[in-house]
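A, B, C and D are the chain letters, set down in written order, and residue numbers restart from 1 in every chain.
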Amino acid sequence: MKPLNIGLIGYGFMGRTHTNGYRQAPRFFDLEYHPVLKAVCARNEEKAKAFAEQQGYESVETDWRKLLERDDIDAVDVCVPNNLHKEISIAAAEAGKMVLCEKPLAMNTAEGIEMCEAVEKAGVRNMVWYNYRRVPAVTLAKQMIDEGRLGKIFHYRANFLQDWTINADVPQGGAATWRLDAEAAGSGVTGDLLAHCIDTALWLNGSIQDVSAVTETFVKERVHSETGEKTPVKIDDACAFHCHFDNGSLGLFESTRYARGHKALYTLEINGEHGSLRWDLHDLHRLEFFDHNDDSIVRGWRSIHVSDGDQPYMANWWVPGLQIGYEHTFVHQVADFLKSLESDQPAAPTFRDALETQRVCDAVLDSAATRSWKDVK
Amino acid sequence: MKPLNIGLIGYGFMGRTHTNGYRQAPRFFDLEYHPVLKAVCARNEEKAKAFAEQQGYESVETDWRKLLERDDIDAVDVCVPNNLHKEISIAAAEAGKMVLCEKPLAMNTAEGIEMCEAVEKAGVRNMVWYNYRRVPAVTLAKQMIDEGRLGKIFHYRANFLQDWTINADVPQGGAATWRLDAEAAGSGVTGDLLAHCIDTALWLNGSIQDVSAVTETFVKERVHSETGEKTPVKIDDACAFHCHFDNGSLGLFESTRYARGHKALYTLEINGEHGSLRWDLHDLHRLEFFDHNDDSIVRGWRSIHVSDGDQPYMANWWVPGLQIGYEHTFVHQVADFLKSLESDQPAAPTFRDALETQRVCDAVLDSAATRSWKDVK
Amino acid sequence: MKPLNIGLIGYGFMGRTHTNGYRQAPRFFDLEYHPVLKAVCARNEEKAKAFAEQQGYESVETDWRKLLERDDIDAVDVCVPNNLHKEISIAAAEAGKMVLCEKPLAMNTAEGIEMCEAVEKAGVRNMVWYNYRRVPAVTLAKQMIDEGRLGKIFHYRANFLQDWTINADVPQGGAATWRLDAEAAGSGVTGDLLAHCIDTALWLNGSIQDVSAVTETFVKERVHSETGEKTPVKIDDACAFHCHFDNGSLGLFESTRYARGHKALYTLEINGEHGSLRWDLHDLHRLEFFDHNDDSIVRGWRSIHVSDGDQPYMANWWVPGLQIGYEHTFVHQVADFLKSLESDQPAAPTFRDALETQRVCDAVLDSAATRSWKDVK
Amino acid sequence: MKPLNIGLIGYGFMGRTHTNGYRQAPRFFDLEYHPVLKAVCARNEEKAKAFAEQQGYESVETDWRKLLERDDIDAVDVCVPNNLHKEISIAAAEAGKMVLCEKPLAMNTAEGIEMCEAVEKAGVRNMVWYNYRRVPAVTLAKQMIDEGRLGKIFHYRANFLQDWTINADVPQGGAATWRLDAEAAGSGVTGDLLAHCIDTALWLNGSIQDVSAVTETFVKERVHSETGEKTPVKIDDACAFHCHFDNGSLGLFESTRYARGHKALYTLEINGEHGSLRWDLHDLHRLEFFDHNDDSIVRGWRSIHVSDGDQPYMANWWVPGLQIGYEHTFVHQVADFLKSLESDQPAAPTFRDALETQRVCDAVLDSAATRSWKDVK
């Protein structure tokens, strides 16, 4: 058993999910490396200490540069708002640390390129937390597509629908709502939600050539948490786009925070010559599969309860029929990252993989701004 | 094209469903015999005339004995409360008419035996309107079981849940609510609803050996429509029973009119060695199928949308994906009855078939009354 | 009771659905006017006679101009491929007949304008068979929106997914597959399927301002039924577009015939400030409703089984829980048309209403061809 | 922060679920007491050590009596086959330890009474691991019933369906399959699965008066793991019963391991005057609710995605829409147990609570054996 010392920067929602991943992975997977919760870093020392105590971190830092200087940190986990990803990740790479960065990789493609170059120049391991690849049902979808069960693909569609910003009194900026502040987030639903959909799509269905998008900001002004004043909202509240994939299929994507009744409805569907697949984050343990090869009188969409030992990741959990949840995607990503150290293979998605998602996001925002088709480049 | 002259006795809800079956069957099925709506019979002449005009009957009778005397009537359709089934059916048989009797066959087994003997002695065609056999999804279930897709059967379960009598102000007796009056109905949910479940079960899974039942009457007194007085309720508001089938499987049945939220939830499920089937009247065009022979990683319940041309009855309707409804079960039963005239085969379920359901109902009520297991005999 | 003499031109799938509407409407609705199946017209006399006999038409014509000359025809029902709608409808109007035209109204907006002018100049009643407005669940959605249950609308999305042309051996042209022949159909899924989605959307959510679309033809050549030769396919196999509605909401639409596993999956969803609605043609008797006004701990999407007497159209059918099907939409449209004669009100959608859908379709196809946003005009 | 030293006896499937509960509870709940994984005890030292290492136990014992003698153990967790529950639990109580016993409490009521008397005499805290009470959706159901949202109850039904013993080659006895061996398990599905359904039912709907049951053993002989010989199977493969609750409602319960297609389908439904509730372990984060008080035209079963902060336990996890899974029920039970130490209240279900379930199980088995109704006593 080898320790892997973790330094976490940021203690928000994502800090909790990653930490749980570090804690649980070695209890459920046979791993050579075991994460050690060495330090958590945040500007507010009191809150950082409370977090460290609750979550089991050994120490606290209030300056991330200090954290990078410590010899007892092997890997840095960047869990801060998007506008800080670049600076910290590059510095961590230059300090020779492994870098695990929360998604989206960067504020834009230009930043992302710098980050890729930094980690590659430094030769450090790097990964981005696009966790939904590791939902067992989604991993099973990948396996089925790779096995050729769907044949030639015609359509890919995905959406990510929420409803938490309909109330115009929700502010922008600050710890809880920085996602509404363009300065901190870079974009709205495009980088926050569609980036997830795009990452999965690129993984399951290959590259995207060009996009045509529309965005909308329904609430034009919101109070900014820092100033207390009404300020124009510059993020996209909603975004939809269609696109061409390299394999000739059409893509259709949509995201919004104004779809009343949907809390976190990430759904995807892929239609191929021989079969189709559907998945929905609200019931993440199920995968729906239509197999055209079934006898015609008994064909129908199958609701696969992905909880059996021969389905991805599930042998490590409970028994058939007993579902796991959202947090397990991070446990799986940690386990896969740790195994990648054993095998000396990259752990996907790397910064380079995530840069491709960034390119699509940039093309989408550019297309919406210019009301025209844009190539992904 | 040969006419088959219909004389309908009763013009209630079931009178409408049967009439629609007569009218529609020849428009959608290739049939040698075409029903002719010759006469409708009911004591209230005014209402009978209104019904005849709306539904297209050529004439009206107010005395069913007169109807039986008419030479221009080939088939008599008995659509009256249960306590009149026996007398009219036997008289119709003796008059040489074909007899199509609404379900349940009779008030009890003893009456049913007399009725069977009458139609068999007279040598007249006879059928009972257990219409749910002709839901395409249910017919497909029968086909799949007969093809051996399920293998040895372990379990059969069915229920029929409603909620329309929870309000204690619903009266008993009279045209709309005779189903709550034991004098007219014989029993409550057992004869009204469970009889449907039992008919389907016997058809799909074979004979029942013995039963153990419980019944309950939640509202003990209701105003009787005829007297205006509160009178004890003698029907069963709810009934549940378990049983053994001849094939070694266990059965579990339940019906009630006190299951808030269920309008007419007739569901059935059958579990076999190799597969299982589920069906639900609230979405009657779907059949769910689990096939254990599927690859283990992609096994799941299939939701079969029974609307393709190679599925039972559906070639006669629209195109794949476009559903039919409740009323079509009667169209199918009429079509099958008319085809049975061409082929000179019995049209199931005959009186004799329906008598078996009556025997089970009697055993169920007897078991509940005596709190003991009862053989079906 | 007043007769309304119908002359039907065309005897295909739609001829059957309309005819059933004429036959059933007066049996289930109280109507002053009763349709009389006076004549069916088609070039193939033998087939027309067979259709007339099966469906109950009194006579047959083989030249539609002859039909228009007959004094005993009140209303002409245009059930022929799209490229014949204009000529026949205008001639019928000029002959003083009511005109009921199958959707889409025309091959394009220009044709549609001529048709509108013709019926309006002639002062004849006119209607287009956008039947899905009369699914009870969809009509209930309209009622709920009009009651203000959803509040301000943010999103409208709809798709219509099929899978019947994936096989490259399906020909184009001819009686069964003229929908793949641009000469006969004008467009592919846009006019055939999206037109339905657009009609419903305009009805539920108001006018569309501008659109940005993409189309695709997956199978580039198909044998033409008439020539037996492989010919380029000129229709759109798939089409997706986003748009702005006048009310400020965003729209997202998609249709394809290459979505394996979907037979006729027309779904729609509308998200408002206070609530959302969803509907799906594959289970057309259900409407899903999310009401944000519910207590927060018990909020959830309701699955409304639209089969109660106080829900649109359902008092005319059976009892709660018993579903109706696809064909009933035409019965409802006939009933509403006949009632419009009594009230002397237009029966929606009129030619003028349907022209609006045509404008959107034209803008969609134009946008796809030019890869640019197009105003609806 | 106070430590609570845990000694776990048994390291099977349940050992893992409980251990995870101990590990996770203090990370997600604010608790005064923190469990310390002090020792795990099992006869096989090598396996016990491997378990201890993987799961983080500090030490290992191979004799449970030794464990009870240790002063550094506060609470003993009894995770062994049913036939050992009594002896160990009583000894643990006599040693002054808190006792947390896996369900069912005992082999039968007589044993259960001894156990209750022992813990009560010793005055030690005690709890039984009926974990499904702590599924947030089930806890919410309890809350809603207690709030009176359902009104007078008419029906309660539950089933627990599995399919893992259909294959006749599955052996009985041994570590993996002791549940098929009557010597170790006491009964089959009754104690293993129905006990869960009964515990929840008693909690939600009150006491059961009498029962009428049927059991079946489909595979009559199985190889015994210890002897390698075919031996008669003495457990119940399937069990169904109906019953009367004290509140006047009817109950219907069923369990089997021969329902092909169901891995762990524990469902429950409760029908009251004003509303109904349904829940299903296969999608455990959802609760279905029908509220008769809704406007009649928009009534329908709501699918409540129980993942919001104001729903039971969920404020301690992630954000709305992100589901938790099976293992969390044990985390909740641990958290509630630890809080009960702070408040000095009993943590339900206690041994005494679980004894009531045992009484019902005994009555069920007795009823099935004697083919007669049995009072619960």
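Criterion: a contact is a pair of C-beta atoms (placed from the backbone, for glycine too) under 8 Å apart; a residue touches a chain by one contact, two chains touch by 3 or more.
Keep in mind that this is a model prediction, so the values were computed, not measured.
Chemist: Hey, how far apart are chain B and chain C in touch steps, shortest way?
Modeler: Minimum step count, chain B to chain C: 1.
Chemist: Measuring between Cα centroids, which chain is at the maximum distance from chain A?
Modeler: B
Chemist: Does C-D or B-D have the larger number of C-beta pairs in contact?
Modeler: By number of C-beta pairs in contact, B-D is the larger.
Chemist: In angstrom, rounded to a whole number, how far apart do the mean CA points of chain C and chain D lie?
Modeler: Chain centres of chain C and chain D, defined by C-alpha means, are spaced 55 Å apart.
Chemist: What is the distance in Å between the mean C-alpha positions of chain B and chain D?
Modeler: 42
Chemist: Which chain A residues reach two or more other chains?
Modeler: Chain A, residues with two or more chain partners: 262, 301, 305, 308.
Chemist: Where on chain B is chain A touching in the complex?
Modeler: 140, 143-144, 149, 287-289, 291, 294, 296-305, 308, 310-311
Chemist: Which of the residues in chain B end up touching chain C in this complex?
Modeler: Residue list for chain B touching chain C: 13, 17, 20, 23, 26-27, 54-56, 162, 164, 262-265, 281-286, 305, 307-308, 317-328.
Chemist: Of all residues in chain B, which touch chain D in the complex?
Modeler: Against chain D, the touching part of chain B is residues 150, 154-155, 157, 161, 163, 166, 212, 214, 216, 218, 238, 240-242, 244, 248, 250, 252, 254, 256, 258-262, 271-276, 290, 292, 301, 371-373.
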